[in-house]
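Quick notes on the structure that follows.
We just call them A, B, C and D in the order they show up, numbering each chain from 1.
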Amino acid sequence: MPGVAKVMKVLEPYKLSGRHVQRERTKVRVGPGTGCIFGGEIVPVVAGPCSVETPEQIVHIAKLLKDAGASALRGGAYKPRTNPFAFQGHGVEGLKMLAEARRVTGLPIVTEVVAVEDVPVVSEYADCLQIGTRNAQNFRLLEAVGRQPRPVLFKRGMSMTVDEYLQAADYILSAGNDQVILCERGIRTFENHTRNTYSLATITELQHRSHLPVVGDPSHGTGHAHLVPAMSKATLACGADGLILEVHHDPRHAWSDGAQSLDPQQFVDLMAQLARIAEAVGKSLAPAVSV
Amino acid sequence: MPGVAKVMKVLEPYKLSGRHVQRERTKVRVGPGTGCIFGGEIVPVVAGPCSVETPEQIVHIAKLLKDAGASALRGGAYKPRTNPFAFQGHGVEGLKMLAEARRVTGLPIVTEVVAVEDVPVVSEYADCLQIGTRNAQNFRLLEAVGRQPRPVLFKRGMSMTVDEYLQAADYILSAGNDQVILCERGIRTFENHTRNTYSLATITELQHRSHLPVVGDPSHGTGHAHLVPAMSKATLACGADGLILEVHHDPRHAWSDGAQSLDPQQFVDLMAQLARIAEAVGKSLAPAVSV
Amino acid sequence: MPGVAKVMKVLEPYKLSGRHVQRERTKVRVGPGTGCIFGGEIVPVVAGPCSVETPEQIVHIAKLLKDAGASALRGGAYKPRTNPFAFQGHGVEGLKMLAEARRVTGLPIVTEVVAVEDVPVVSEYADCLQIGTRNAQNFRLLEAVGRQPRPVLFKRGMSMTVDEYLQAADYILSAGNDQVILCERGIRTFENHTRNTYSLATITELQHRSHLPVVGDPSHGTGHAHLVPAMSKATLACGADGLILEVHHDPRHAWSDGAQSLDPQQFVDLMAQLARIAEAVGKSLAPAVSV
Amino acid sequence: MPGVAKVMKVLEPYKLSGRHVQRERTKVRVGPGTGCIFGGEIVPVVAGPCSVETPEQIVHIAKLLKDAGASALRGGAYKPRTNPFAFQGHGVEGLKMLAEARRVTGLPIVTEVVAVEDVPVVSEYADCLQIGTRNAQNFRLLEAVGRQPRPVLFKRGMSMTVDEYLQAADYILSAGNDQVILCERGIRTFENHTRNTYSLATITELQHRSHLPVVGDPSHGTGHAHLVPAMSKATLACGADGLILEVHHDPRHAWSDGAQSLDPQQFVDLMAQLARIAEAVGKSLAPAVSV
């Protein structure tokens, strides 16, 4: 047969995201001029509800979080739901609600984008674009967020190896955006007492192999609010560059993920404990912002 | 806080794809007027290389496959590669090569689509659109293939439960397309002698819970050519509605996935064995097509 | 420090059980003078209840199985139960009930041994000693069954790799007993629609790497009776050297594992189908024994 | 059929080890009169080599560990090795070497027992008997250590659920020994950058469901020394009742598990960091013992 034998040279598993490219840790700032910087000695905590539900809800929560010392507000306007008949998020209206919460509190916004066609509008409103676990190998979407100017919070796929994850990060970096925050959010295993198995050693390994900052998401990592405080402390103790937490003013009535959301008092208590852990590892929590 | 408690009613895990909706098995024909029908007593085998490499290669392989009794030709024009620096497929040029192979052999074409923006062009050239494992929860893409007229070969995500898989299928069905073929292609487990763990019981369970036809992909399910013949026979013996196999005229020089590709002689031998298994379970292999 | 650096030479992962030691497949006969031989072209089916419950029950089932064409009777006298307060088996009394069933039907007996101290008595009564999945790395027990004269049906540990499994088999072989039958019985994965994930490719791989016969246990491999017939056919189609199945005269009232047990009529129907599959792969089922 | 339908009443998954039996945490002291107590506010660190290699080695390491603040000495005299041809431990001679190290340093001894017949001798020499992951469902062995008077360090099976683990602990408790320390040591998953996936949330969950103290083993939990310090800190930060660590005076020449062993200086450095973490969660490390 006349086919041409094309030699595909053996490639390193990952290139741009590797420590061999850059020894010092990349610092990623979320929100122009803010102190919400990932990758340094001051550790930011991103918090907020799973879904943006109503304008009042998101402003209400944002104020509580800000007072408790959160560095950024998270909340979903576009929700990639397993069930097509479940609440899918408010879309652009949700982005506007988040922008209003930012105007009121000064907290920068982290929100998920689920499709290439939504990247421009999300990039317009948000301070940081999140890529969720189900899209971690949606390579076109990775390229699209790599071509816009906001930082990207890139969650690990739920069954991705470290090699695959850093190669996926390379899709973003090779498109021109090196403002990428990696995030461990739990993996699929046989364990059934948690929604996922939160693999903290992967945070340490990612910091070992990559120059990108690495944060932990113990809310998705466990799926149960009663495990979140202990796992948050463990995350900072192992040296993570930040945390992302689900907090809801009324978890029992949350439109999604209520079982894994902290209530405001739990969050306040946890922040005090996290400050002590951060100190014990030679860091500090980012101070509360004043508007 | 003034937020409205919105009652989200508890939903059945899946709706449109379930057996409770339709008792008889859905039949899905690939290629207008062909005998390549999934879901009946005559079992089609889809075969072809991982990647469309050159015009000569794909026509050459298509002829071999047709002579050996394949019912459809598979081949990748858009490749979702783990590594951003690896060969990504020929895109539209690859689709044209596939169309030429169809013109020469009469075999209908199955090929993957990886992005919403590519759906129209892939739908124009292909007889069946494949959704790969990495996009199994790329819900926007599922909706997009649900809005075009070709059947969809929808592979299970590598760490998806049966419930999640059928809910994802519901994204396609609810967008208006009920011509969906499910496909077990192996899951992520601790096992390291195979690329994935090929879970045949899931084929049987999917047939139990859903009216959609279900096929197996032992090439990806194992990742090793020496395991493919045995697993292909097992797939038909358990009652699957078809097979999809990687076959390459020269696996050692394949541009991708050579380790799991059968060579032409192995495919010819296997088809003879598969005919006997099909008969043993009261079915038959689809007969070789003549142009 | 005065310690001596002891050089531990790098060892092949497994030695005695490997194909490099012996090309032809080892044949293992269960029961003196019987036709129940694993590793040849005539495929035995071992069947019986999870637990030996009463003298009447086991004789009753044994007769049904014998009439349906089973080659050997399985049944548990010593049960390794997850819960310490659940039924643990009848012990020696159970062995005597099995012996009586053998006397009546002529079927040789396969039964589990769970402790070194029980090996002599189980070896006295049984024709084949089973090592269960929870004891697959109980190395002292492996050595003990390696020092007695009966063949051993050695089930894979539920999270064992192929390398680890063959090394564990080496514990039996190196103690002097090469009459070992390997058995795939499902592995622990994230899948939740089955009790385990039945990994058929592992049967083929084990036959590839080892000279020992390899059988499948789709009852434990799936945990659900409605999946057992399809998986039994798949097991023979992929070339396994035998099957071990749970059959109970009244599964709803079984003392253990009822959900995965076939009833007698299901077993009769399945045996007819299995005969056709065996033929399709150039083998035959072992013929029904006459007393 | 005349069989008797025996009603097996539905049992709670675990009984004696559950928090519903006892609200306050059980305290387990290792070594008569020592301050090595698990389950209180003073957290013990158990450290030592994987294998007891020579009399000089174990005394040498024990002195280093004692000076650095370890509360107990671990070391293997009976090694359950995957490969039957690898070093299996010195047996009774190893126990004597451990006893000598205890005599010299005052550190109590934790060592593994792998067989029922070895329980008396191990119980004679050791202060605490360890059950390893491969024997976590070796129920006869659990019963045997339940009938002797020393505390038991009971490691979780590598693919055991929390329910199964506490039921297995019930085998020990129901035999009469309630001095049981639970231990998370990593589970089998698809992850390949570590030897196991260290599941810290399971420590928190076990403390939630059980009154028994729970420790972590980040050496086996990760398999790589470069991950052990971060995971040790995370373990204490999440509230574990202690740590068990592999430390070797010369890891490159260890007879087993060298890749995951800390060297003495790493251990000294880590202990200083652990003291700060313990303080941050309102506890303290057990003080260094003086002979």
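The rule we apply is simple: a residue touches a chain if its C-beta (ideal position, glycine included) is under 8 Å from a C-beta of that chain, and two chains touch if they have at least 3 such contacts.
All of these numbers come straight from a predicted model, not from anything done at the bench.
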B-C or A-C - the one linked by more C-beta pairs in contact: B-C
Of all other chains, the one whose Cα centre sits farthest from chain D: B
Centroid distance [mean C-alpha coordinates] between chain D and chain C, Å: 33
Cα-centroid distance, chain A relative to chain C, in whole angstrom: 48
Centroid distance [mean C-alpha coordinates] between chain C and chain B, Å: 35
Of all residues in chain C, the ones touching two or more other chains: 159, 188-190, 192
Interfacial residue positions of chain C with respect to chain D in the complex: 1-6, 8, 11, 13-15, 53-54, 56-57, 60, 80-87, 114-117, 134-135, 137-141, 158-159, 164, 167-168, 170-171, 174, 188, 249-250, 253, 255-256
In the complex, chain D residues that touch chain A: 159, 161-163, 187-194, 197-205, 208, 218, 221-222, 226-227, 230-231, 233-239, 273, 276-277, 279-281
Residue ranges of chain A in contact with chain C within the complex: 188-190, 192
